[in-house]
């Protein structure tokens, strides 16, 4: 048994095989991947990493497993899955997530599988008598309630990151009632569900996440910084300066240093801008309901169209490619709100019981917006061109 | 007025000239310099930076200035000094401090003066009608009580870092009673002193710092990581791969990437070891009272002797230079404990009133130790050689 | 200046006239009136009192006044009003509030006026050059934004009690972002409004209050204990054992001791039951939408009808009067949710901007229920009779 | 399993037999006994009670038992002992402790035994197959390490009250590192000891207690209020208005109401003074080293002498008996500091390893003082008489 002191959970205990996994280079890399990507440009204390979050998620997953009286083996498997759930994250976490999708048609979850099976981690798991296949199945959402502990609207991942992000940003909304949620969680029909007396705690968690979204996760300034970073990486990959398949071996240090010392002028400019917080500004913005559904759909699906538009706008403004960036974030998924409640022995959807949960499903969309960014001195020009293209 | 949300103090308000200073590249660099250097290898959440600490110190300095009813001008000067007190910190904070001393015969405090006067910061200070000379004098401890607010046993710096380091490491000892200390602080005979009713709060602060030392600041594992980093940097400077005068322009990202991609094999090995937390181990250790005062003095003063010893031990063990590291930390200074108390209108030293303060002065020394590090597989051999040289 | 250490706000500073008011017997009485009445029977740590809450409300009111740059005089008046806003509370706070309405046709707010003008408090206010009339006008909601600081959906009262109740019950929902709300508050058209960038903080506050309602303020068990206490007091007043006009001179100690030593057997039984937490149980319950609007209205308005029904049910079950209690709480008021937001220089209602605020207005009603209580051994019998009278 | 939400530990789980004990009138009485007696007159939020503290101590005792891998039976016994360790506390906790000694020659610990064996509690313990004798032996310090968990320098009692008192007073000194202490606790030679790596956490706990003493536990103003309450109770017992053997059946409510309605004028005056915080003032004070050891010893041992002196001083000042109170608190016990440390497999006293622990043993005495109190208007006269009797 080893103990690691965490800023959120105090002492986190690890068993021998868990320590060995933590000691692999693959896991140590997470120490250098910021949990919230560029958000530290808005909340200066948001420097926490995927490393401590992974430990925290493992800790919570173990507490849930204990509450559910799972077998020793399931307890260990679910802790392993939680520990490894973010092993595939690329530099600056979500900031580089879209690169994976674009160039490798994969996600950090899928990468996790690859990293586990291609590294020493698989050997450690097997050496201690556990099955790497089972761990991967849990991560792939193929193991019913075990998977739900790791990935669902009420998982150990979310319970850890909400509290942790609140602690490190200084934004109070993420405080949730961990104790109450864990003590009311049950397995019912192979689902993870919450007893009715835990309803308020779940509502509080859903609201916490909802409020953290505009305040932290989708904060304007970090969206801009993310978009700039993304564009610089994209161009580097297109120009073969960087291999997309190397992304998961990199960390925050290596991508920043890569951009700083890139032979290409654009990348160096972006690196300098990020280093000195001299960011692009918002030139144009449209909310969910202000944009025609057909166009919205197209923008969301057709990456080539987006690039073409970026190019067109830049040219109209006499700007080089890369100095006009269109940001079309993915639509928040309704499933994020879907929690199962046990009432009088029956499983029901939380919407049946909670008007708050119901409203959040729709309110999420209002947090979405389509935005165009450009250097401060070009904002006016770019805005005018956008007004012409997308409507005032 | 702009507001920055801090994980410790909540909303920190900044005036226009303060924001402009924060926006300079010199100040933004602090975002990428970890407050506690390599400590994140022990406490994974210890990723906070000099950036937020500088804002926090400014905030506390302002609160003290208000309590003391200083003039508007002194209030602003003391906030500026606090904001800038760490501007000269080099990568990984204290980890690189000894390089400054060795190669430039300077400190981060002295560098601060240079950075302020050679950058845009000086212009901003003057544009708003303040005197950069005054700010620098405060930082140079030449301005009586104003300097004491920034640098003394009871300064804004310490009040911020104790709480901040506790919050981010998860170690509870650093919690202090900020409110009580600030409301009992007085100026007396050009000194910063505390009313007698604040005695317990000051004792608590002194004990907090004392307990944080072995637990966090002098933690074994971060001492080792620091020593490894230091040796790799030292060799790089000696071999002209790095200019010591460039240190203050670098950040954590650039030094780590420099070591990773260094043409020299040793540096690359150290970078890999730090990245994967495959650290040297303790081979030999002697406490303050276990080592002859004359030898102690020599080791502390004579850097060449230390290198010669490192070399000798390495050779005896068939190791290359750099794989045996001797760590001789500076002696804790007694002045760190010296707080002035006001009792019945007289200024007295805290030792007169507090047995705790008295004992801490001496107890500090017990935290000091002379240590020798080497790769895990060479620890036994190195220990034997050290036993011969320094005594069992 | 005197300082009182508070569990929530740290050091609260008081000026000379404020200390004198705190030192009056009228104000000291608040030390013995629990903030949350009988809630300590559910949350054992909920023993905090109106005394510290009043200090906390004063502290927050002062912070708001400073943010709004009010004059010195308005700053002091608004702090005085906040300090005195609960001076009229009777034993166990809200538990006895309904007695005031029933027998004196008054509220604790109205009583506050009487206590201020009939006691030494008025002299202290005037001695220091302030106007007691102004203070009372603020409390009576006749002073525009000043009154709104004390009593509105976004007042100092609520900001204090939510955090304080969370801290002392251990229920995390009450944590709000005080800093953000205070820094975004503005006066606009004689109204207290919040800048748009404070919207999320206000939503969080509204949700916090909403979640605290079923979890703490309307918790089942404290409703039952309250109803028992109320019935015992009611009978005592009816039987002239207690004068309703003496209520505001009493405290938690005196009412409990009165009931314990009452000559009437019922009161002694209730006292014993409260002392040993041997409470009545829920026999029957109907939610807002399960009860015919006309009947609901009648029950809410016609106290005599309620008593007649209690009597009837008790007789049907062979129980003495007082052993069947019908609880018809007041309807939550929609105004509680109504916050003004400033968007593009215009004042708008929060509902325009926030789907959450909109839904809470209606969701509040779902927290309401009509309930009937009886001793554990009579619950079944009483339920059957209620089914007959009110429908299954 | 039932869960009680606590302000410190979150959800505290109770087994069936524990709930039954909590539900007895004897245990419910603790809800109405303030943990810190009259301290709420200094720290207004200090209204927490023996009830929640007892639950908290049980919770920590259970955590220690689990860490030590005790048997199921020992685990339950030690939780029961912790739950019941304060069942004998009389009104206002320590305030009435001296009455027990004076009139019944007993302590709350001894009373606990009596209450357990003479009430339903014994039946519940036995019904569930546990031995009340064992529980009592643990409380009587006759069961080696089990007793040490409940009562020693490092017990569950202290670990709970330090944190709880800090949380409710707002004084930060009581924050301790529970996690670290519990994970380093060991049984060694039938003793409870701490591994060397827990040394700093133990030092922090000892300092926390030391600093809480003058700041909270021995705060001047609560000493005065306690002394006034004690004198009024003493006179009531002497005059047969109150039976000392009834003390343990009373609670804070009944003693305050008793004094308020006492036929004797003195008691009513004291009650009024406590209710309105119109307290006696310090007239004379001597510290440990300012008073001749022989006299100190006499004052500590000879209660009759103290009363005679009170009487003499009162007469000299034309005051009635009771308006001059001499307070001679018990000497702090050195054992309070004595913690066992395990170093290299050996048990040693903490003093061997910690200069802080060593100094605290002596520093404790400096917190002691002999004091004389009188109404504000008589303070000067009383001081002069005391100067004559005890020396300037």
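In this document, chain identifiers A, B, C and D correspond to the written order of the chains, with residue numbering beginning at 1 in each.
We adopt the following convention: contacts are C-beta pairs under 8 Å (C-beta built on N, C-alpha and C of every residue); 3 or more make two chains touch, one makes a residue touch a chain.
Treat the numbers as computed from the prediction; the structure is a model and nothing was measured.
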Partner chains that chain A and chain B have in common: C, D
So which chain is farthest from chain D, going by the mean of the CA atoms in each chain? A
For the pairs B-D and A-D, output the one whose chains share more C-beta pairs in contact. B-D
Rounded to the nearest Å, the gap separating the Cα centres of chain A and chain D is 51
What whole-Å value do you get for the distance between chain C and chain D if each is reduced to the mean of its CA atoms? 34
With centres defined as the mean C-alpha position, give me the chain B-chain D separation in Å. 42
Chain A residues counted as touching two or more neighbouring chains: 10, 171
Within the complex, which stretch of chain D touches chain B? 171-173, 175-177, 200, 203-204, 207, 210-211, 214-215, 355-356, 358-360, 362-363, 366
Residues on chain C engaged by chain B in the complex (per definition of touch): 3, 10-11, 178-180, 183
Please output the residues of chain B touching chain A within their complex, sorted ascending. 4-8, 10, 23-25, 28-29, 31-32, 40-41, 43-45, 47-49, 51-52, 55, 167-171, 252-254, 256-257, 260, 275-277
